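Next come two complexes, and both contain chain A; in the first it sits with chain B, in the second with chain C.
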Partner chain A sequence: MNDDKTIVAQGARPVLDIRDFSVELRSGKTISPIVDKVNFEVHEGRTLGIVGESGCGKSMLSLGIMKLVPSPPACIAGGKVLLDGTDLVPCSEREMQEVRGNRISMIFQEPMTSLNPVYTVGFQIIEALRAHSSLTSAQARSRAIDLLREVGISNPEKRVEEYPHRLSGGMRQRVMIAIALACNPRVLIADEPTTALDVTIQAQILDLMRSLKSDSGTAIILISHDLGVIAEMADDVVVMYAGRIIEQAPVHSLFAAPSHPYTQGLLGSMPTVDGDQERLQPIPGTVPPPHDRPHGCAFHPRCKLSDETCRTQRPPLEEKISGHKVACWHTGLGARP
Partner chain B sequence: MTAHSSAPADVKPGRYLLAALGRDPVSCISLAMLTTLFLCAALAPWLAPYNPLSINMSRVLQGPSLDHFFGTDGQGRDIFSRSMFGLRLTIMLGFTAIFVGGTIGTLFGLLAAFYPKTDTLLMRLMDIILSFPAILFGLAVAAIIGSGTTAVIIALSVSTTPLVARIARGAALMVLAQDYVSSGRAIGLHDWTLLRRYVLPNCVSTIVVFLTLRLGQAILLGASLSFLGLGTQPPTPELGTMAAQGIGFFFFAPHVTLIPSVTIFLLVLSMNILGDSLRDILDPRLRS
Partner chain C sequence: MLRYAVQRLLLAIPVTLGVLLIGFILLNLVPSDPATVRAGPSASAEVIAQIRTEMGLDRPLWDQFLRYVGNVLIGDLGTSLVNNMPVAEELSRAFGATLELVVLCLLWALPTAILLGMFAASRRGTLWDRLIMGGSVAGVSLPVFLIGMTLLWVFGYKLQVLPFTGRGGPLWTVNGLRHAILPSICLGLIFIGPVARMTRTSMLETLKADHVRTARAKGLSERVVIFRHGLRNALIPVTTLVGLQIGYLLGGAIVTETIFSWPGVGRLAVGAIVANDIPVAQGAIIALSLGFIAMNLMVDLLYAALDPRVQAK
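And now, the complex of A and B:
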């Protein structure tokens, strides 16, 4: 049934269409690409998962979509971010302020530090509402209470008056979600929304995001290094390595038949419940720093299959099976885990 | 939310501050002294037993007595009354300068932190101002616009601005690195709203603590400028000017110089002690 949805969605125009999007880090004369010509689409009511190790450019990509990369030193080097057909890259800061929080919102990784400590949570939701609509303060307040109720906070009439330090991490992340959803955004970018939370709260937050997605039709970009979260939440998955997309596939296809050696490595380094592996298989080495990326395939120094071609030529992202794209010279050869 | 519910729910920040100060006897004494001095200054027109300007040549340079608690000066004016009015002016000079310098400095510091492009320009400008000693500044201002209260206020404000700008910039840079500023940006707030609601309130305690410490210095500097004859001109009572006027009779009537000097000393001392305690209470890094 997942396939049916994919076909339907492919006919419609994507909510967010990222084309050849690049972010660079410029310090002095060295220019290091952090996100390198990335392409993907997100459709209404669907979730795109972005996976990768620390330092592969996931967070910079999400900040780049919002045009919030810390500049200097980082800057958007090219490409297009089409939100409902309009390109955001040439937009002015003032136009972006209209888009942020209104049509694209974001949830951050650290709920403990993502709320302004000097204002009540109610004030912060009202602030988001009033930045993009002409609600009166009484209307905004009652909407804030509704939002808190929607994200599953009990006794919302009382909670709107609370300061962030009186809420737990899970509660704060719920408040962050309420703020992000305040203006019914078209796209919600969740950058590791559950990483800082414990597992039970994590499950609750993921459930919440899922039900909100099906209620509102908001498209979600879920960034995570946790493959379990991705498997549970995403419809499509993008695997990033060293700033590039190396594998892109519908979630079931990716987990059933991971094609890139890196994706296989990621899956191999995860414990399974049935536990037929003796030991977990780590991927040797680390992600190369952005100013010192290897020639050819960026993964070749860590790859068991690498050969001369891998060292000299960068593999293109090509569709090997329907909907399943891989950037590897060896996938046709039937790479084994 | 259970983690913090052990703290009493409705502690007013002011009451918390007073309670924390009350635990330290030295702060208590300074607070009492400062309150007395401020009351004397504020109520000078009603409490002062004599007109601070009225000359009585039959009672020149008298020592302390029941008629004149602090004695009289070279022109027979009551030093007690003059000290009260002088304290009033000295405190007003200090506060005005701290307010003006603090406001401009905070604005510069926040702008420099928020817009990295203006950082170099603003902060180098502040460095240039900082390289002049405040007394030299006072001399220059007095030379340009003539000596007087205005000259002192300008000199003190200008010399306070770069110090506050540095402190504010540092505090703002720390706040700007916090996640909640990114989330404020991500909900589409304008720069001005971010500065006003996110950056300023979160660095205001650092700035206020610095200003309370600076207030003592500013008062001292203001009195020094007046002492040198660059500030308030006689016969207007100002503690620095009064101290300067007594120098000629120091060996046979030391109280004329000593009383205003001791008043300045007590004022600045209690302000500094209170400023220190305030920093200990407000700065979470120093809290054990």
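And now, the complex of A and C:
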């Protein structure tokens, strides 16, 4: 949330640059876009938050960056994923194995099931280390113990021999973070990392991620549907709806002046501490499924501002004020009086 | 692990006693008098009565049972009513022959079943998948005697490439192996079906799991993902099935052994029942049941070795 840092970072080359990236779902002859021409950048030592309801394509986007979308039925339909300037989309599976867990790592929503129950925690960290380095097993073991210590697990010499079922959800998520950080990745993608955890544990995990970011300079993509988490953690925010980015802004600008009716709706459906709202304002309806996206602006059936233009023409994502982009006929740059 | 093993072993004791009791009661319900069988058709009533006293058949049932259990514990299963041979001796010979058949069957059928299951899972929905799964249904549903007779007719009679009656000596001799091939194929064909099917289902289930996605996200190669993170987890439920199937193989070998005149426990049991040779029949039932119990014990231990969560419970 500090502006001078934003300006510095904007001059530098982004660690990860996503351009016109699309993921499609193909079943039989129907092709449904799940992620539709998405553009964003992530800079070193910064956190990009991606927000949206379930089904908006957040997880598919993150799996797509890793080229781990379940294929078939999903496939990457186009665009570029530039990691330090190199495009990952045309890379072979073997080249991607070099990238995964090494230069881009990922942690997932379900700490209870994301670790293999039949191997020890230590084995699973060592496996990640040895996949990308020539460490001996003794070196890898001592590095695994160091990593466990770094992510705040007490008595790591003992924990390294434990099986996942002996650890709590928070501990397992710490182990997942240790695995993700094993090879000092350039980018860490965290897909709802705290959703399955208790609130107190949530805060601990977020603290941990924040301190790791400032220590290592790793760029973080934080996917969440929890605006509180995003406000706390992110430097920049992307709001997704039905596979597209509908608003993109630095975090303070987004929360101070949400422009898209959907973003406004998301903020309006969140309880505030001072509680001057009488009731929470839910957004009516649900995210349309990928095979049945409406014409024009995908949000129009749920939007109270919608008119004929919204129903027929898709609004472009345009910069409204410096750094703040929005895709809406009514509140965007091209808004008619 | 040791505590778990001891616990399982102790649990097997009451089960074994139960088996002894049921075997004993069942054969006491059979309307046949062992004393009459032993005495022969021309014996007088006095002789039969004398033999009955000698064999302890005039004592109360519970007393007979306790004596029987006591004898079993010291390895004495009585003597055959037909040829007066010690039952334990006959059984150990027959059990060896059955075990030989089962081991040979497992040597080829177990890896085949698991590989077929994995292959079908990796080619899900293709012609290969459907062929393998169709074949496995055939293996499960065709009666053993039909499979056995067909093998015997094709390879033994028409092509005359393999011998099809009896045992040709120990398994490690050429002749012994040749004699065992057809019956072991017959047993294997009924074993592969369910095991391949289970492996396929379990593998498909496991490859969808979150931890497999984690393994891929670590940058492991697909081979490592499938064998290290897929197969080992997928084999946990398959282990149970394999244990049960081996149990059935021990007992289910009866038909196969009869078709191929294989001198195993199954054939011994059938012969003994037909001849009213109660001690032998009893011994065979106990041996097969103990085999089943031992198999289950092994499955439990293997299960714990494969899945660390089991020991914790």
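Brief remarks on what is shown
Everything below uses one rule, namely that the second predicted complex is superposed on the first by the 330 of 337 C-alpha atoms of A that agree within 3 Å, B and C clash if a C-alpha of one lies under 4 Å from a C-alpha of the other, contacts with A are read in each partner's own complex, and residues count from 1 in each chain.
The working rule: contacts are C-beta pairs under 8 Å (C-beta built on N, C-alpha and C of every residue); 3 or more make two chains touch, one makes a residue touch a chain.
Small disclaimer: the values here were computed from a predicted structure and weren't measured.
Placing chain B and chain C on a common chain A by superposition gives a clash between them.
After overlaying the two complexes on the shared chain, residue contacts for A:Leu167 are found with chain B alone; chain C is out of touch.
Residue contacts after overlaying the shared chain place A:Met176 against chain B and chain C alike.
Of the two partner chains, neither chain B nor chain C is touched by A:Phe255.
When the two structures are aligned on the shared chain, A:Glu98 is found in touch with chain B and with chain C.
Comparing which residues of chain A touch chain B with which touch chain C, the overlap comprises 66, 68, 96-102, 105-106, 108, 110, 113-118, 127-128, 131-132, 165-166, 176, 179.
Contact residues on chain B toward chain A in their complex (touch as defined above): 1-5, 116, 178-180, 182-190, 193, 197-198, 201-202.
Contacts from chain A toward chain C in the complex involve residues 66, 68, 93-94, 96-102, 105-106, 108, 110, 113-118, 127-128, 131-132, 163, 165-166, 176, 179.
On the chain A side of its complex with chain B, the touching residues are 66, 68, 72, 96-102, 105-106, 108-110, 113-119, 127-128, 131-132, 162, 165-168, 171, 176, 179-180, 182.
Put simply, chain C touches chain A in their complex at residues 209-211, 213-222, 229, 232-233, 236, 306-309, 312.
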